[in-house]
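Both complexes below contain subunit A, partnered by subunit B and then by subunit C.
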Partner chain A sequence: MDVEQVGDVLVIKLPSRLDAVGVAAIENKLSETTAAHKGKALADMSGVDFVASLALRMLLTNLKAVQSLGGDLRLCGLQPQISEIFRKSRFDTLFKIYDDCQSALEGYAAE
Partner chain B sequence: MTMTMTMFERLRKIPIFDGFSDADLQRLAGNVTERHLKAGEVLFNQGDEGTDTFAILDGALEVVTFVDGEEIRLEVRLTGEIIGEMAPIDNSPRSAMVRAVRDSDLAVLNLESFYSLLLSDSVLAVEMLKRGTARLRSTSQQMITGLELKNTELLKAYEDLKAAQAELIHYNRIQEELSVARRIQKFFLPRKIPQPEGWQIAAFNRGAQAIGGDFFDCIELPGSRVGLVVADACGKGVPAAMFVALTRSLLRASSQAPWAFQQDGDFLNLDTIVTGALWFTNDYTAREHGESNMFVTMFYGLLEPSKGRLTFVNAGHNPPLIISDGGEQMRELESTSLPVGIIEEQVYEAHETVLNIGDILVGFSDGVTEAMNPRGQPYGDERFVALLREHTDASAVDLVSLIVESIDDYAAGAPRQTISPCWW
Partner chain C sequence: MERCIEVPAEWESIARLIDFVDEVTGAMALSEEQDYVMRLVIEEIATNIIKYGYEDGIQGVIQLNCSNLRGPLHIIIRDRGHPFDPRECVEPDLCGDVQSRTIGGLGLFLVREFSDYLAYHHDAGSGWNELLVVKG
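And now, the complex of A and B:
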C-alpha cells in the first residue's frame, strides 16, 4: 500500500487482492494514515482486481472515520468487475467515485 | 635423543621417582615395559578391566568420562605424571577413559611395580591420594553441574509442554464451542421449507468455515404467502455468524409479528410487510451495532403463490435471477438499496415482479460465483447462468444438487460457501 500526498489530498494506492488476508494486511495502517491526515483522502483502486465484503467494510469504516473528522474518502480507478460489486451492493451511493486519480483530484480542487 | 636413552635414564628424569635409589630404580626399570600412543588413541576405556599404571615419559593424556552420552574432560596429565592409578588402588574397572592428546610415550607399571613405588615414597602416596580425591570432587561437581543443566532444560521442556497442553485444551474448547455454534446456527435456517401448491422450493447452505455469514430463510406467513430471504453478512466465521443470528431473527420476528399484517382486521399489503420488516431490521442493526461497521446484504421477497406475484426489496445483495421460456429469457432482480446495518432510518421501496408457470427464480450468494478453482479463477456468472439455462426442466431439488455438484467439480475439493435457494 503506497501513500503519497498530492496537494492537500492523501492518495492511497490499494493492493491488488483485497480478500480477508489482503484486508488484514493493510487495515490498521490505512485507518492510522487516514485518521492522522484528517482531511481529503483518495483511494486509488486501479490496481485492485478482487474485493471481498471485508474490503467494503474496511472502506466504510474509514469513510465514517474521516467524515467524522471533517474529511472525506473518495475512490477512483475501479476496474469493471469491482465497479460491478459497488453497483450491486449499492456502495456506489456511499462514496464519490471517479474514473481516475486526475478527475478525483480535480473534483477535490474544485471545492 | 630419547631413543638412545635407557628406561632407567628416562625414569630418573621423572621427579616422582626422586625418592628411589639408583638400585631400586634399576630394578623398577627392569620390570616396566614401554608403550607408544598416537594422538587420539585410547589407552583404555571407561569400564575396562586392568591393573596397570602408567608413567608419562613424554606426552599428554586426557581423562574423559561420559554423562548422558556426552564427553566431559576431567583433566589432562602431562610428561612426568602418573595415570591410571585408580583401578589398581581399589581393584575396580577403569573409572574413566584415557586418550592421548598428542603422540605419547608411556612406561607401563604392573601392579607389583606400582605398589613398590607407593610403599617407597609416602610423599608420592599422599600426592596420589590428593589427586584421587580432587578428581572425585571435580567429577562429582561436573556431574552435578551437568545434572543441574539437564534439570533446567527438563523444567523448561516441562513448562513448554504444559503451555502446549493448555493451548491444546484451549483449542479443543474453541472447536467444541464452534461445533455447538454450528448446531445452533442450523436452527437459524428454516426447519422445513414450505411447498406452496404449484411451487417447488429447495435450498442449500454450506459454510466455508464451521459457522459463517451466508443464510437463507423461508418465512411462512398467513394466507400461504412465503417470505424468501437470501443474505450474506460481511466477512466469515464468528463475527459474521453473530450478524446472521441478529438480522435473521429481527427480519423473521418483524415479518411474523401480528402488527405486521393486521390493520383493522385486514392483512397489510405485501409492500408494507416487506419494507416494514426490512426497515425495522436495518434500523435496529444500524442503531445498535453501527459501530461494528458490519453489514448484511439481503434480498427479501414475499411470494403470493396463487398469483405468482413477488414483492421484493434487494438490499445490496447479488441480484437473484429469473429464468423463463425454457432458458431463453433471463432477468435480474437488481439491488436498489444499501445492505442492512449501514444507515439508520433507511426507507425501502418495494418492487414487484410476476413469476409465470415454468419460471425459475434463483437466489444465491457470491460464494457460488466466486468459488475458485485451484488456479484461482472464479466459477463466474456466465458459467452459472449457462448451467441454469441448461437445466430448466429439472426439479428445484435436482437443480440445487446440480449447482452444488457443478461448483464442487469446478473448485476440485476446495470447500467454499454456497447457498442457493431455488424455486419456481
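And now, the complex of A and C:
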C-alpha cells in the first residue's frame, strides 16, 4: 500500500488482491493513516482486481471513521468487476467514486 | 480437470485456500468471471465455516473440490459443522446511509448474486454439509 499526499489530499494506492490475506496486511495501516490525516482521502483502486465482503467492511469502517473526523474517503479507478460488486452491494451509493485519480482530485479541489 | 484440498477449519487455512485457488485458476484456464467467483465463493464460504461452522474446541475440516470436467466450473465445499443453507440466509440491508449501514450477510449475498446455481445438502446421517456452486 503506497501513500502520497497531493495538495491536501491523501492518495492511497490499494494493492491488487483485497482478499482476506490482502485486507489483513493493510487494514491497520489504512485506518491509522486515514485517522492521522483526518481530512480528504482518496483510495486509488485502479490496481485492485479482487474485493469481497471483508474489503467492503474495511472501506466502510474507514469511511465512517474519517467522516466522523470531518474528512472523506473517496474512491477512483474501479475495474469493471469491482464496479459490479459495488453496484450489487449498493456501496456505490455510500462512496463518491471517480473514473480516475485526476477527476477525483479535481472533484475535491472544486469544493 | 478436477482438483481438491482439505484444510483445518481455522484462520490460517484461508491463505492456503487462496494459494490453492491461484494454482487451480492457472491450470484450469478459467474465464475472468469464473476466477472471480471461485475466489469469492471460497473466501466467503470458508470464512463463514471458520467463524460459525464448528463448536469451539472442535478440530473441524473444510474440503474443497473444483472441477470443470462437465464444462461449467463446479465448486463443492464440504464441512461437518452446523447445518447452514446459504440460500436461506436473510437478505442484507442494502439501503442504509454511511453511518447506519451494516454489512452482515453481504458476503453470502454476493455469492448468490454472482453464481449461476447454488445447491445445498445436509446429510443427517454423516453430519456432512455440502454446498455446490456452479458458474458457467
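The criterion applied here is as follows: the second predicted complex is superposed on the first by the 111 of 111 C-alpha atoms of A that agree within 3 Å, B and C clash if a C-alpha of one lies under 4 Å from a C-alpha of the other, contacts with A are read in each partner's own complex, and residues count from 1 in each chain.
As a convention for this text, contacts are C-beta pairs under 8 Å (C-beta built on N, C-alpha and C of every residue); 3 or more make two chains touch, one makes a residue touch a chain.
What you see is a predicted model; the values in this text were computed from it and never measured.
Legend: residue contacts after superposition of the two complexes on their common chain; A:R90 is shown touching both subunit B and subunit C.
Counting the residues of subunit A that each partner touches, subunit B and subunit C differ, and the larger count belongs to C.
Once the two complexes are overlaid on the shared chain, A:Q67 sits against subunit C while remaining clear of subunit B.
Contacts of A:V21 after superposition: subunit C is touched, whereas subunit B is not reached. In the overlay built on the shared chain, the residue A:L54 is in contact with subunit B and with subunit C. Common to the subunit B and subunit C interfaces on subunit A are residues 20, 53-54, 56-57, 60, 64, 88-90, 94. Taken in their complex, subunit B has these residues touching subunit A: 213, 232, 234-236, 293-295, 297, 315-319, 334-339, 342, 366. By the touch rule above, subunit C contacts subunit A in their complex via residues 14-15, 18, 32-33, 36, 39-40, 43-44, 47, 92, 94-95, 97-99, 101, 103, 106-107, 109-110, 113-114. Contact residues on subunit A toward subunit C in their complex (touch as defined above): 19-21, 50, 52-54, 56-57, 60, 63-64, 67, 81, 85, 88-90, 94. Across the interface of their complex, subunit B is touched by residues 20, 53-54, 56-57, 60-61, 64, 87-91, 93-94 of subunit A.
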